[in-house]
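First chain A sits with chain B, and in the next complex the same chain sits with chain C.
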Partner chain A sequence: MKFSRFTWRIIGLIVLLGFTAFFFVPVIWVLLATTKTDTQLTSAGPFAFGAFSHVAAAWRALFGFQSDAMLEWLKNSAIYSFGGVAIAIVAAVPAGYGLALTQFIGRRTLLVITLITMIMPATALVLPLFLEMNVVSLTDTAWSVILPFSFFPFGVYLCYIFFSSTIPKDLLAAARVDGCNEWGVFRYIALPLARPVVALVAFFAFVADWNNYYLPFVMLSDNSKLPVQVGLEYLISSTEAFNPGNPGAGSELVKRPELALAILVAIAPVAIVFLFAQRTLVKGMLAGATKE
Partner chain B sequence: MTPSPVATVPDERTSARRGGRTGGDAPIGTSRTSGYVFVGLYVVLLLLFGIAPTAYAIYLALTKVGGGFAWGSNFARAYDDFRFLPAFEHVGEYLAIWMIAEATLILVLALMLHSLARRTSAAFRFLFYMPGALAGAASVLVWLFMLDPTLSPWHLLLSGMGFSQIDLVLLPTHLPFIFAIMAFWTGAGGWIVVMYGALNNIPDELLEAARLDGANAFQSALRIKLPLIKKWVVYMLILSFAGGTQLFVEPQLVGQATAGLVSNTWSPNQLAYYIAFINDNFNEAAAISVSLLVLGLAGAALLVWRTKLFEIS
Partner chain C sequence: MATVTFKEASRIYPKTERKAVDQLSLEVGDGEFVVLVGPSGCGKTTSLRMLAGLEPVDEGEIFIDDRSVAGLPPRSRDIAMVFQNYALYPHMNVAENMGFALKMAKLEKTEIVARVREAAKILDLEDFLERKPGQLSGGQRQRVAMGRAIVRKPQVFLMDEPLSNLDAKLRVSTRSQIAELQRRLGVTTLYVTHDQVEAMTMGDRVAVIKDGVLQQVDVPRALYDAPINAFVAGFIGSPAMNLLDGVIVDRGVLIGQSTVALPRSFHQAVGAGPVVVGLRPEAFELSNDGAGLPAVVKLVEELGAEAFIYAQLDQPAAPTLTVTPDLVVRVDPSVVVKAGDRIILRVKDDSMLLFNADSGARITGS
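Coming up: the complex of A and B.
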């Protein structure tokens, strides 16, 4: 069977549109689901639009759930993520600089360990981390989540690549000749130039931290301390449609449009970062491709 | 879920073209001690939250609950557990499906996008990439809706396959497939961007030469483009393997939503969690953690030393 060029183009187009539907229909469905009532979800057809008043109602119900639990979870997520990202950057930027532009015994070993820990899934260490935190009585505190988040070897590697490939060595040498000490060279020459990589590390660390489920799930037992990702599980368990005949006795019930809204609220920060960072990311990638 | 694949874009691109060029040539005059100061905080974090838990897990796995050396008995007990083998089988099935989808669909899509005009392909890449923002618990929730024939936009497809209600869709034997779909939905877009980037790195002259020699689009894709991006494919597969063995949130949430239809020890990580917190046996749980760690380590070591993807000069 031999197809003409034209036929191939049509087949290609159909395949691409098919995958576009696969990737995007769920997103559209979730957006539309927030405009419907629970009954309309099953009766009105998947792509029907309900009413904006339903969004408002779902919003009130979601944020009213167990006296502002959702707001509490979002706040927790923000504290854990920003805390983790902040320490990760403070540690990673100088470390990447040190690995790239200074010499010390053990530098290569540190680099290899960084690579290995970066590739290894962090999940495998969660149970031992819990025991470690337990020894120092930090479980069920914000630190038990923030501190493991702040260890971000991938950020160190990004900084290492950045400093070893984009900072002209002559520039640093010139600063030394002018009497800058090592810290000054880093502080006044390298750091101001490193802004793009700081943004990159912040982006990846934030997305990883915000979406992390297993670590806070294990570390935290107090409901009011959960991040929103784990809070979503709590919402599922309170959703009548998913637990027919077995909703937690006496607990407030969640309807499915509220759950759909909860998804959107929970991922909003990451989605916003995705939208804004798109340009930065592409720029960073192109920078890597054009220099040399 | 697997570590964010997008996370690899920048370093891949740069490390690819700068292999072995940097490092080792620090400017004269840098003192050794300054290096330690720069890496200091990171090393402390690495020791506390990377090395220490690893060492602790190994120690626990090798000792008895009350203390004393246990040799391999924790491992033996974990491996003998009737839930152990099924948990690894589940994850194995999931990985097989997901990795085959990666090695075929993602490559085909990346190659197709690469043949489009830049602007068009950018739009598609963005559309494919965006669900990545819904990784983790959110994606599971979305797919719980998508797989419910009573409200899904795919209800025709689902009912065509004979599924009239969600309980029939979420049968235990279907789960590896379903988790692979979730992984594909959130993860494929990022990898497509990576592969697209790798394809863009191929010099135009090379493709032009192939064209002049009479290669058609398929031949140049198969004989030129694919061999040149092979190492990124290996990279993607190894990362997915290491991450996929850690499956937790997907079976956990689906179990929650189906009220016990899915075992709460479906994946090895769930089993480790169960043994640790429900059976209160951290030593045996550590044996499972260490086993998972070894799988992840093997993948990592393979990547670092065999594929030469990273510069460690």
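Coming up: the complex of A and C.
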């Protein structure tokens, strides 16, 4: 098909706009849904704007649900995510460095195993993990979530790629000649240069941990220990509109605008982190593109 | 200050057959500047790294000051190394780069600052102490790499082609600075390069290496005048020595279609048969009596103070030689020749070297 460059550009623009709409329309709908009352959702148009006062009402109702359950859930999400990220970084960065820049028997095998575990679907591992946690009597505790969160082979792989592509071997040789033992080489040379990849791994780990639903759902039974993703499910089952005649889990009833607000609150942290992390992310992803 | 001794040291890379370094035996005296030179891949950098402890020694031994370094990690050998790509720590500024090893050695802060300042003064880096390597030019980075080595006050300096990343002019000026610095500090130095000009101008002694085997180690003058074999003869000197196939005939050697008289000292040393004749560019002069080797000028290089003629020797009608000999001849710039001219080259007295046609070893006269 022979079109002018200008025509191709227009076609490209239309396609992009189409995809943008596809992704953004539901989000916009949710945003607007918080401004309406429950009945307005079905009576007014999907993109009609209600009133800010409705948002305030929904907010009060949401955070009043089951005496601050939402706040509790958010707090739990934060603890589980930050805990998982912290341990994941402490484990992944030295592991990636070791795989990339040191020599030991079985290094190749370990690398292959890391890659294999990386492509295993996390969901498939949840039940075996539950059985393990059960054996050590850790189920229904914070550790049953944080410890599996810390297992992040993708983070190890990212660090491996980063270290093997951005740190010239001669730099380590220079450090060894200058008096460093192996730990010194890591601590004084590799680690200070690893800031971009630490940010990258932290970001990916945080997003994965914050959004994880299935693992905490299986591990935790106490309502007060749930992270916000599982809490959302609890809210849904308490929403009268979705469970007509059978209110489900709780005795309090939740209106749909409150649910919409809960969704927004649940995804806000990830959106904010992403906005701040953007610049460092791009730097980390381009690491190794050009060699100094 | 120390001596360095390689004793039949060898290194074979895993899964390879040929030794990268083949039984290297070399002694470096205290305070001496020895250059390891040879073509790419000859094993000179590997030898240096074996001394540094960055490559394992598969056979033989290496001593620093009569103490074997076997089993010692690089940090325990009291050596300092300048790498080809400088290997400066990018996240530290110049002062921190230079002081890093001293920090590792747990020296007093005041001592570290004093030594760094002293080295910066010698290398003209005082204005750059706060800058990071990324903010420096190539030449400045090279000086920081040198500074990092000299603050250590080690027993041995190791330098791995430190000038190869500099532009030509900077290379020439830095070359003499390094040589002068080494003389001043008096530290035993092992210097690796592929550039024979660097080797000849900087080293007290030069070790020529080929395919992992040490060919000859001697003062530059001796390497130039008395190379041990055809490889050393052809490697040292720029432009390279002309190595021509010849045949010994009665009292002379046949080159191309002309016979050149054989110096008296060789009469007893060679029998008839093929031989390799070595003639440096300055071994020729343009004949004014028609006697000599006829040739055709292909190219003239004017270098200002001298000129080089690239010529092709005349061949016999039925050539017995397989290689058409091209010659390089050095002439005074006043000589007027151009491409296409016919010239006759006379070999100056006592300027011919003969090499065994099979082994390449030099044939010495009686």
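In this text, the second predicted complex is superposed on the first by the 266 of 292 C-alpha atoms of A that agree within 3 Å, B and C clash if a C-alpha of one lies under 4 Å from a C-alpha of the other, contacts with A are read in each partner's own complex, and residues count from 1 in each chain.
Here is the rule we use: a contact is a pair of C-beta atoms (placed from the backbone, for glycine too) under 8 Å apart; a residue touches a chain by one contact, two chains touch by 3 or more.
Every value quoted in this text rests on a predicted model; they were computed, and no experiment measured them.
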Name the contact category of A:Pro128: first (chain B only), second (chain C only), both, or neither.
-> first
Classify the contacts of A:Leu71 with the two partner chains as first (chain B alone), second (chain C alone), both, or neither.
-> neither
Figure out whether A:Arg107 sits in contact with chain B (first) or chain C (second), or with both, or with neither.
-> first
Of the partners chain B and chain C, which touch A:Ala173 in the superposed model: first, second, both, neither?
-> both
Touching partner for A:Ile119 - first (chain B), second (chain C), both, neither = first
A:Ile189 contacts which: chain B (first), chain C (second), both, neither?
-> second
Does the superposition put A:Ala142 against chain B (first), chain C (second), both, or neither?
-> neither
Please tell me which partner, chain B or chain C, touches more residues of chain A.
-> B
Please identify the positions on chain A that touch both chain B and chain C, taking each partner from its own complex.
-> 173, 176, 292
Chain C partner, complex, touching residues on chain A are 168, 170-171, 173-181, 184, 188-189, 192-193, 292
Of all residues in chain B, those that touch chain A in their complex | 2-4, 6-7, 9-11, 13-15, 17-18, 21-23, 25-27, 29-43, 45-46, 48-50, 52-54, 56-57, 60, 108-109, 112-113, 124, 126-138, 141-146, 150-155, 185, 188-189, 197, 200-201, 238-239, 242-243, 245-246, 248-249, 252-253, 256-259, 269, 272-273, 276, 282, 285-286, 289, 292-293, 296-297, 299-301, 303-304, 310-312
Enumerate the contact residues on chain C facing chain A in the complex.
-> 52-54, 73-75, 79-81, 83-85, 87-91, 100-101, 104-105, 134, 148, 152
Within their complex, state which residues of chain A touch chain B.
-> 12, 15-16, 19-20, 22-30, 33, 41-42, 46-47, 87, 90-92, 94-95, 97-105, 107-108, 110-117, 119-125, 127-132, 147-148, 150-151, 153-154, 156-158, 161-162, 164-165, 169, 172-173, 176, 182-183, 186, 200, 204, 207-208, 211-214, 217-218, 229-230, 232-233, 236-237, 239, 242-244, 246, 256, 259-260, 262-263, 266-267, 270-271, 274, 278, 281, 284-285, 288-289, 292
